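Below is one structure, written out as structure tokens; the observations come after it.
Going by the order they are written in, the chains are A, B, C, D, E and F; count residues from 1 in each one.
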Amino acid sequence: MNKKILAEGNQITKRLFALDTHVYDEGALSEKTKEMLGLVASTVLRCDDCISYHVARCVELGLTDEEFYELFNVALIVGGSIIIPHFRRALEFLEECRRSELPLL
Amino acid sequence: MNKKILAEGNQITKRLFALDTHVYDEGALSEKTKEMLGLVASTVLRCDDCISYHVARCVELGLTDEEFYELFNVALIVGGSIIIPHFRRALEFLEECRRSELPLL
Amino acid sequence: MNKKILAEGNQITKRLFALDTHVYDEGALSEKTKEMLGLVASTVLRCDDCISYHVARCVELGLTDEEFYELFNVALIVGGSIIIPHFRRALEFLEECRRSELPLL
Amino acid sequence: MNKKILAEGNQITKRLFALDTHVYDEGALSEKTKEMLGLVASTVLRCDDCISYHVARCVELGLTDEEFYELFNVALIVGGSIIIPHFRRALEFLEECRRSELPLL
Amino acid sequence: MNKKILAEGNQITKRLFALDTHVYDEGALSEKTKEMLGLVASTVLRCDDCISYHVARCVELGLTDEEFYELFNVALIVGGSIIIPHFRRALEFLEECRRSELPLL
Amino acid sequence: MNKKILAEGNQITKRLFALDTHVYDEGALSEKTKEMLGLVASTVLRCDDCISYHVARCVELGLTDEEFYELFNVALIVGGSIIIPHFRRALEFLEECRRSELPLL
């Protein structure tokens, strides 16, 4: 569907998708820090697809389980117990990423 | 009002307020990283008071203007243009923090 | 402004405003219970004007401070620390209602 | 389930469901414009069921693909990249509507 | 997954989960009232898993269908028609709870 | 502050601000329709600054009071009574725009 969007979508759609990629590029903040920011933002906004994407990216960039738990704690405290079902699904997806030998992205 | 809450609030209120403080303590992730996570979460959830609090904490912990801009870019891309008015107010408060000789918290 | 809306607004606006009044009428659930439901819903959705309205109604219907604190605790746990600034303003408004000799609504 | 709700639901439920239908009736604004408003509102609030309903209605009312893309661009810019997964599912459902010979509503 | 979280999660996670349980304990407000508050909060925040949990608890505590409908009406009026798909799923789950002879929690 | 952001902000910030302008340009959908989409999106997301901006733009593009009311009705039905305080402030700002002889943007 992304291919279709980039083929058929107009200029605005394409530019927003490009910004959505480049905003996580290494800069004054490291790529790892930015992916963590993307993950906590997606978690408090409660978007499972976005959470999975950033979990997979954080795994690639070497985030440890302890770091994941501390990141999700910030999301849980700021966003409340309404976040818990997304937290559970995020941990299940994290386990899947850890077990997988192939890249998940 | 915080003092009143801690004096009159019941156990649950007090424990939640304590968790809200300790979740940002140095751990597997640094205090600075955690405050950045708190700031991006507050920004996409659009709470000006929470944003100001975390901006002041990030200033204390040495975040540079370039780092602030990159953090807010993640919030703007994830959360959209609806974030812009909060972004403007956050930058105004950041300037105020930079000019102030006294701690703002 | 409400008068103007009811004078100039069309049928749909008027009917929604009427539903918004009658949904809190005594029924299988008491008026007090329904106002508490309205208050917790307004709190987790973080609308200060709506919170103040329901706080004043709950005061009129005899809610005690202890009951207010337990209600807000549910909101704080479900909705997270992002609720805290609204909780503080709600408690300030509650104090004002308690001090006032005239009805606040 | 809608039938059951209309059979068993009380007056308030029924009246809200009626308002939810009539708010999209032809008026000063055309039915097509109103359905577009409903679609963009559902998209930024990220409700897949509501999005599908309004996509199907907009197809019935003759919205072109180009118009759909421009509408979703507004939603993507206002609401941010958190909207993207819903945008993808909306486009998949739109394709399904275009292929279908039977009405989807 | 909850077991795993409680085994591996750090202190903050465990404490938040404990608060999330005890906030609904009998107090100045009854357990039933608090579960109703949890249900209306989960409904306006549109979290199906949280809604199902509180529906099952409210069934255990004796909430009648009429009371459920009045509670959901408050959620529908405060939160709007965007709530309707969650309302439908909540009613389906409620029917399942009523039919089940075994506890659903 | 916008000038400062455009002077000091990095490429990502500037590009997002540019997209936020051009997404409302005349295209398959008219500028007026797009501003109405922006207004309804801002209203259900409850951002007063964004609402005022789009109200002023819609006034410039000739939206009648009757059209404004029908647009806000869609927002009120989709988003619920939590929208009402923003609706009231929007109508006050609309009156101010109508009275003003100078452009408000």
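Definition applied: contacts are C-beta pairs under 8 Å (C-beta built on N, C-alpha and C of every residue); 3 or more make two chains touch, one makes a residue touch a chain.
Remember, predicted model here, so these are calculated numbers, not experimental data.
> Which contact partners do subunit A and subunit E have in common?
Common contact partners of subunit A and subunit E, which must touch each of the two, are B, C, D, F.
> Identify the chains in contact with subunit C as well as subunit E, in label order.
A, B, D, F
> When the contacting C-beta pairs are counted for C-D and for E-F, which pair yields the higher total?
E-F
> Quick one: which chain's Cα centre is the longest way from subunit A's?
C
> If you average the CA coordinates per chain, which chain's centre is most distant from that of subunit D?
Looking at centroid distances, B is the chain farthest away.
> Given that subunit B and subunit D are copies and touch, would you call their interface same or different according to whether over half of its residue numbers are shared?
Over half shared, hence same.
> What is the distance in Å between the mean C-alpha positions of subunit A and subunit B?
So the centroids are 21 Å from each other.
> What is the distance, in whole Å, between the centres of subunit C and subunit F, each centre taken as the mean of its C-alpha atoms?
A distance of 28 Å separates the two centres.
> Name the residues of subunit F that each touch 2 or more other chains.
Touching at least two other chains: 10, 12, 16, 19-20, 23, 27, 41-42, 44-45, 50, 66, 69-70, 73, 76-79, 81-82.
> Show which residues of subunit D lie in contact with subunit B when the two form their complex.
Those in contact with subunit B are residues 44, 76-83.
> Which residues of subunit C touch subunit F in their complex?
Subunit C reaches subunit F through residues 1-2, 4-5, 8-10, 12-13, 16-17, 20, 41-42, 45, 47, 49-50.
> Note which residues of subunit D are touching subunit F in the complex, please.
Residues 19-20, 23-24, 27-29, 33-34, 36-38, 40-45, 50, 64, 66-67, 69-71, 73-75, 77-79.
> Quick check on the complex: what are the subunit C residues that touch subunit D?
Interface residues on subunit C, with respect to subunit D: 10, 12, 15-16, 19, 22-23, 27.
> Over in the complex, which subunit F residues touch subunit C? Could you list them?
Residues 46, 65-66, 69-70, 72-73, 76-77, 81-82, 84-85, 87-88, 91-92.
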